[in-house]
Structure formats: structure tokens, C-alpha cells
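Working notes, beginning with the structure itself.
Chain nomenclature is as follows: A, B, C and D, assigned in order of appearance, with residue numbering initiated at 1 for each chain independently.
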Amino acid sequence: MSEQIEMVKICKVIEEAESVRTFIFSHKMDFAPGQFIMVWIPRIDEKPFTVSYHTQEEFGITVFRLGEFTKRLYSMNVGDQIGVRGPYGNGFNVSGKACAIGGGVGMAAIVTLATERDDIVIVQGAKTAVSLLYRERFPNMVMFTDDGTEGRRGFPTDYLSQLQEKHKFEKIYTCGPEIMMKKVLDFCLSRGVQCEASLERYMKCGVGVCGQCVCDGFRVCTDGPVFSADVLSKINDFGRYSLSKSGKKVNV
Amino acid sequence: MSEQIEMVKICKVIEEAESVRTFIFSHKMDFAPGQFIMVWIPRIDEKPFTVSYHTQEEFGITVFRLGEFTKRLYSMNVGDQIGVRGPYGNGFNVSGKACAIGGGVGMAAIVTLATERDDIVIVQGAKTAVSLLYRERFPNMVMFTDDGTEGRRGFPTDYLSQLQEKHKFEKIYTCGPEIMMKKVLDFCLSRGVQCEASLERYMKCGVGVCGQCVCDGFRVCTDGPVFSADVLSKINDFGRYSLSKSGKKVNV
Amino acid sequence: MKPPMTINLSADICGIKLVNPTILPAGFLGTTKEILKRVANSGAGAVTIKSISSVARDGHKNPTVLMYEAGMLNAVGYSNPGVKAAANEFSNIGEIGVPVIASIIGTEADDFLKVIDGFGDLLSKSKDSSSRFSAIEIPLSCPHTPGFGTLAGQSTPEATSEIVSAVRKKCGLPLFVKLSPNVPDISKLAMVAQDAGADAITAVNTMGPGMVINIDAREPVLDFKVGGVSGAALRPIAVRCVFDIYKAVEIPIIGVGGISSGRDAIEMMMAGASTVGIGTAIYDRGIDVFKGVTDEMSDWMTNNGVGSLNEIIGAAHK
Amino acid sequence: MKPPMTINLSADICGIKLVNPTILPAGFLGTTKEILKRVANSGAGAVTIKSISSVARDGHKNPTVLMYEAGMLNAVGYSNPGVKAAANEFSNIGEIGVPVIASIIGTEADDFLKVIDGFGDLLSKSKDSSSRFSAIEIPLSCPHTPGFGTLAGQSTPEATSEIVSAVRKKCGLPLFVKLSPNVPDISKLAMVAQDAGADAITAVNTMGPGMVINIDAREPVLDFKVGGVSGAALRPIAVRCVFDIYKAVEIPIIGVGGISSGRDAIEMMMAGASTVGIGTAIYDRGIDVFKGVTDEMSDWMTNNGVGSLNEIIGAAHK
């Protein structure tokens, strides 16, 4: 793939959880875990999606049914066509004994990272059992649910010290709700553990020119979406503001 | 050099003969003997010139003072700047025991070929002694003058059989007046000797799009300027017609 | 497995049959019958002669053509040997083997008529189609030649209407009117041309003009200083023009501007073109570009189950 | 040996001092103060905010930006948070560290005035120059947003004159008028702008519009179907526009369009620009393009014994 949009056909659909499906395309892609693609549905819109599945011959994205665009995408079937360009952005920097903590949409980035590095401890947080993702792909995943219907009850961030005592991680990766990532970052900073978080911002161009996705002096699409702890600790907007479609600053 | 015009400074001027000077530029160029460049004098014009001198670090062109453009060029001095693009066209195909027969402007192509292949027998024809070129560069050159003031009297083409008997050439290269080249071609065809001739036609684009330099179905700038005997023998225009600046067919 | 598809690349423009939709546009190589034969043999579906005026013109001084990283600039300035020499050159035109379009130019409407007169039987509808030009094209759109095209105001609706009507009355052959992309409203101009009797629109001529300055010489490179821009730089503009014209008129469109691959040709046809011109791409891909583009179109059509060009033309409007 | 040269890259536009002549043009990255700070720290001599209207606009749907081999197409559609939010965002504007240009847009002349009102002190000449915008820019030239620019007829001489006069009366800051390359006579428009009170001409906005069709989807890629073309494709057109405007007016020119190297910047200045905008090249060369271009200019100047930009500006006219 490249800067030009390529039309690709859905070759497989996987039911991941309630209102969450993964779509697989038999299409080669040069890719590093953490990168995203722009997905085009002609006449509808074009939005960013993390690559959640990647092999030599295939790639996939996991779609959360939310608004207009994801409703369309979610309801697509094998043989349907979408446009993709990318992948864009940097990826995670892989090194040392590591943990990856994700939640919701953020799990997509976590699982491709974990596929490449099978020694990573994966931690997932979700509202409830039926929202947990990728359980078959990663049977050893550490799971948390808000309501305790599966795995431990509570947020993964409540158990950070405990996990760290046990595994002595050199690095923690995180992708998910910004409030969660902010907590992981603060924890890592206080313990001197390396940290990388993958941010989400409203995107338009995806290639670093339009200014839609900025977070302080950084473009999430091009300088990110993965940022390291030292950068994140200097980003005032992190955990606070993002730009809406018009460019208005809104709380994250 | 390339498709973009580059401005280069004259670093040396060599007096070759009456109204003939060679200008040397200290500029690298990827080059094969037989190729030409387009020379630009801003606000004046841009015309094709054979590269007549070529080393690792330098190249040169030999200018015959003729009309408006070559008068300007001829009178330039060390330090003056011209624009060049190219080199363009194909070059000679070097193989076997060979002879190169040139005259006038055509000698420029002959001498770079002979520089690369020092076993080539060089034959030059000129009106009179003072018009003979490159004598210092090639002391072994076989020379003919129309008036017998230097070398043998007559046209080189008059002695073709004699030369061929003596040297048993596998290939004869030629560049010069089209009437001379036509004779060389006819000789080679009749004797089964390989032959390549370098043609001259009025040129504008130099890159094969404008149609100014065509000779039957060939573009001299791109398909030539060097053509082999089997092609030349099929070109009806060879030795007959060329296009004037407006595109009118005129006798060569 | 599906049976192998038969791909039909034949095209039709105003009843003229082409074995494929690629056309050599005016100004590229069209100086002699022999070179046009070569282009035809290299795979072009039709060819256009270099624009001809009533009397010979030397054109602008060199540099007249200039490559830059996104395309080409030219200010050739309509060099041509005049209609008398051209009529002589293009006698026995049937030898070329594919339909040949006569591009003719003039300053006033009358000049165009003189050229038509000068070509005589070569432009006479009553002649057998193999012994005359297949169509006549009038470019009202050159951006760099004083006395012609946009510099002479030929791209206003009034002048377009006047010249097209005059040529229409004089010559019965299919009449192509070539438009400039540098006009406020190209659809309107196409409608004016259609109403005045044009049988097809050729869209587009070069854009701009543009200028390239050599900073070491501190001078514009083209001797005429400015020139029309063609090639990749022009393609999206040309595609938009064709898209707009397709919505506005009934007559077919010859899409020209920056086409250099089969995908580019299909894009132009999806915008609404019935056939396509390929000029600047000759620089990069050689004269074989016509065969290359046709082969690439055929491959795409095979892969996408598209059997004929009719399924492509205007497809982006649906 | 000659003593080493001192190269002076400082530029001046309407009395505004720039450490170098490179400017971030409107629409690139200018959404927040922090990102403009980054651009300034990366070497831009001045920066422009993304164009602001009186009320918030979401702009066109995506795809809004599209690369192709010769440049970029965009139909962003002037998304912006409206002047109230913008005035808030750009308070303490001095933090950015280089002159900041306010790009403002409107449909009627009145709308422009509302935006000026909305910015309040940030556009008041009586304020200290470090606590307000350095200049105001009005683009009358966007080719892809209904209600604005060329689609609203703002690039006619009449509309240009009306809007420029109204803004001139309202705001005492240096006034830049940004023109479209898609007009029949850009020199005339520049003269009209000058006569109506413009202090500088920004030339040019994107050209076209153009269209790119994805043939596999059989659809134009941009959601708005067409978009303005920028980047390399635009450069020769922009250079020609600047060359023409330089001959026609006394006021300085900000040259914009396809600049991506020091040579490109010098070319634009030789055509007549006093400063240069660099937008699309950010895509290829990153935000560091400003420093890159400045370094390359400085190298060329050193090699050519040129000590200051004054020796370059307009040099191709001599």
C-alpha cells in the first residue's frame, strides 16, 4: 500500500464481542505494530483504524460500532470493498521485558505488538465479560472487568504495583482510554519504568499537514501515535484536550 | 547532468582551426561517444553540440563559427557561462577492428570514439590544411584535403577500397557531411562491412517529442544520432531530406 | 473457473473507428507521414498532425521544451511548414494506417478557412475515408503563441462560437474543438462549441502558462519565458475538466492531459472521455507508450470483468 | 582566497521583520498556538494560522487531502473553530516567537469584518506587536468551498475591490490579499487589490480545482469530488503568477506554490517574491523543511557570492 488509496476486499469477518468485528483483507502490507491506516468508504467518509491483525499475506482491522461511519463498516460482508491508505505513523519501540495494557479500541494496537513479541504480558480492561476482545488469540491474557463478570474486578490500573512487583517490567505499553493511559504513565514515571502510549485524536489528512490531530507541538498521525514517557510528560494536552472536527479544543 | 539545464563555466579554450574552437568545462558527465548535449545561451537560443572531449572530470564541445548562435559561442572566454542539458541520444556500438571516417563538425563524434578505442584508424577529410582538426590529439590520423595542402589530395571516400584492402576493417564509423556518409554506407553495404553513421538534423526538444529532427520514422535525437547500416539503408530521407526550422522538407 | 474474457478495446469517436482509444495529440511528432506511421505501428489508435497554419512559421526560439519534476513546459510557438507543404507531405495519407486528425490553426476565423482550402481534397468529406483526414481539430487554446489561442482571445465564448461556426460551414468532416483548462467555466465553453456545431470536444490543451527560472542564469528557461504545462501536473485538472464537460454536453470528449498509464487512461474515461490523447508520456515511456497503455487497460479490464470501453466511459458519474 | 562571506537571510514584508523569508502558509498545521510554536522553532520565519471564519465550520468530509505523484489535492473546506475559539487559542500569541499572520475568511465583506471584531485586540494596531497578529491575510481564492473564494466569485475585480476596501477601513495592520492562479489576468487583480489598499499580495492559492478518480472504486477520491492542487504541479504556474504580478504592482509579494528546496525558494524570489510560503513540502520533508530550505538558500548564496536577499528578489526581470 502507499499514499494512493487502494481498494481491498473483505475476505473474512470475525465476531470479537458485542458490536465489535474484525475484518480481514488478503493484502500484503509493510507494517509495524502501532501503525494505523485510513479507511475510506466512498461517498461516506474516511477515518483512521489501527491495524489489529497482520501476517505475511493478510491484515485486518477491528471495528467498534459507534457512529455513522463504523455502523456502515461494521455491517459489511465478505466480498465488500473498502479503500485503504497507509500504514501511517510510527510504531512501538520493542525492547526489554514488557507489559502491554489496553482497553477498548486500544486493544487493536496491543495485539499486533504482542503477536510480534510473544513474551509480553498482555493486560486487558473492559466494562464486562462480553466486551473482552481477542480472547482466543491470547489465552494467557490478564483480564479485568469493571463488573467482575470475567477476570479480576476493577481497572487494570488499580493493580499496576502488584503486577510490577511480580514481573519487574522494564517497559509498559499502553493504548486505550486516555484516562487509563495517563494513570499508566504516572505510575511508570514514579517507578522509573519505561513507557509508551498510543494516542487517539480526530484525524483528517493522516499525513501531518492539516493540523487536525495535534497534541501540543506534536502531530499524532505523524509524530505519533506512539509517544514515549519523556515526551508525554511534557504534553500538556495529554489527558486533557483534543480538537473536534472543526478544530475546537474539547476535553478528552 | 540531466534533464534540467545546468549552468557550466568555460575553463579552457582551444584553437582548433580557422573559426573552430573547443571549449572545455570542468564538469563531470556520464557519457558515451556519439552522444550530444543541448547548449543554451540565455536570451539567444539553444542548439545541439556533440561532446568532443571527455575525461573523468571534464567535457568539451567543438564549435564551428557559422551563424548567429555559433558566433556568440565562438567568442566566449574562460569564465563565461553556458547552460547544458543531456547528454542525449545513443552512442556508437564499439566492436571489432574498426575505422572512423569524419569530416567537419562530424569529427567531434569521431574523436571521442577514438579516445576510448585507441586501435581505431581515424580518417579525416577537410577542404584545406588549416581546416584539419584535432591533429595534436591524434598524430596518427589519416588525412585528406580537397586541395592537397596536407595529407592526401581528394575525399576519404575515394580511397575506401584501398583502406579496406590494407586494414580489413570489420566496421566503419562515419560522421560528417551526409553525402560523405552516404558513400561510406554504400561502400560498406557492397562489401559486407558493418557500418554506423551519426546523423545531424535540426533539433529543438532533443528528447524525442517535438518531431523536428525526424528522418523517416526515426527521431535523430532519441533513436539516433547513430544509426546502423541496416536501418540507414531503409531510411529514404538519409542523404536526401531534412526538416527546416519550420518543419519544411528541404534537401540536405 | 470463469471462461477467459474477450476484451474489446475498440473505440468510436464521431463514427470514426479506432482499434483502441489512444490518440497521438497535436504537437507531438506529427511533422511527417513517416513518423506518424511509426506512431501508428507502435499502437496508437489514431494520430494528429502538428498544427498547421496558412503560412509557414518558425515558432519560438529554443529552449522550446523543458522537463521539470512534475511534467513538461513548452512554448514551441506553432512552428509548421504552412498548409501548402503540409498538403504535400500528407498526400497518400492512407499509408499511415490509422485515422489521422488534421489540427489547424489561425488568427482570425478566415485563416482557419484558408488552411481548409489549402488542404483541398484531404479535408473533403466526399473523398474516400482512407484518402483524407478523418477529422479536423481546432485548438482555440494555446497559452503561449501571440496571435493564437488564449493569447488571441480565442477561448472566449464569443470567439469560440464564431470560429467553430465558420469552420463548421466550410468543412463537413467531424469537427473537434480543443479547449483550454485556463478558462473560468469550461463547461460553458463546451456548450458554446457544441451549439456552434462541434462534433467532439478535445479537453484539454496545456495549462498555465507556467514559468521555470534557472537560478544560476537568473533567467526564465524558455525563450518565450512562459509555456504551457503538460504531463502529470496537468492530469487532475484535465480529469476535472472532462468530468465537468461530460455533464454539460452530449457530444463525445477526447480526454488529454498527463495520461501515462492504463490506469490514467481509464481514469480519464471514467470522467467521461470516449478516447484519450497521450503526449508528454512519450518522453518517459517512448513511442511504445501507446501499446503499453493499451495493454495495461486490457489487463485491468480482464481483472475487473469489464469487457468493453462502454462500461468505463463516464463510470465516475454514476 | 576570498574571506568567508556573511550571508544575511533576514527578510522584510511590509515592515515586518523575519529572520528568514520562509513562511508557513494558511491551512497547514495552524490550528493551535503550540503547533505554530513548533513550526517556528523548526525554522520558519513567520507562520500563518488556519483560516478563521466568524462561526465554526466542520469543513468537508474526508478524504479531504490526497497525494498524487505530482503534488497534493485538498478540499478541506475551511474547517475551523470560529473566531471566538480562535481568539481564545491565540491569546498570548507572542509565545510563538515569530510574526504570526491571521488568515480570515468570509462570504460577504461583512463576514470578514465580524472576524476582525471577534479577534479584538489581537488585530488592533495600537497593541504592542508582540501581543497581536503581525498582519492580516484574506484569501479570496479557495477553489473548493461553496460560499468562499472563487466559488463565491470573490476573485473577480469587483468583489476583490469591495472586500479589500472594507477590510482596509476596518483594520490597520498590514493587509495581505491572497490570489488564485485560476483567473484570466492575475496582474489586473493584483492591481485592483493594491488600489483598494492591500499592502502585499500572497500568490498563489491552490489551482484548479482538480479531480482524482479511484478507478477501482469508480469514484472521485475527495469527498467534495474536486480540490485545489498544490505542490510541484503548481510551482511553474505560481512562479509565472509572481513574475507577472511583480511587473504590475509596487507592493511586495509572498510567493507560494510548490516550493520544497532552497533552489525553489530562490526561483520564486527571482520571479519577484520578497518572502516565500512552504506548505505541501511539509509532507515530504517534514516540519524541518523550513530549516532545510533556509540552509540550502544560504549555501547557494555563499557559492554565488550573494550576500543578501535583495540581490535575489526580482533578479529574473533584469
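Everything that follows uses one rule, which is that contacts are C-beta pairs under 8 Å (C-beta built on N, C-alpha and C of every residue); 3 or more make two chains touch, one makes a residue touch a chain.
Given the structure is predicted, the values throughout are model-derived calculations rather than measurements.
Discounting subunit D, connectivity by touch gives the groups A | B, C. Comparing the centres of all chains, each the average of its CA atoms, the largest separation from subunit A belongs to B. Subunit A and subunit C, compared by their mean Cα positions, are separated by 51 Å.
Inter-chain spacing, taken between the CA centroids of subunit C and subunit D, is 35 Å. Note: centroid distance subunit A to subunit B, computed from Cα atoms, is 66 Å. Counting only residues that touch two or more partner chains, subunit D has 68, 216, 219. Taken together, the touching pairs link the chains end to end in a line with two free ends.
Touching chain pairs in this entry, ordered by label, are A-D, B-C, C-D. Residue ranges on subunit D touching subunit C, taken from their complex, read 68-71, 73, 182-184, 207-213, 215-216, 218-220, 225-226, 229, 231-237, 239-240, 243, 258, 263, 266-267, 270-271, 300, 304, 315-316, 318.
Interface of subunit D with subunit A (complex): residues 27-32, 34-35, 37-38, 41, 50, 56-59, 61-68, 72, 76, 79-82, 85, 89, 214, 216-217, 219, 221, 223, 279-280, 282-283, 286-287. Only residues 3-7, 38, 40, 42-47, 81, 83, 204-212, 214, 216-219, 222, 236-237, 243-249 of subunit B touch subunit C when the two sit together in their complex.
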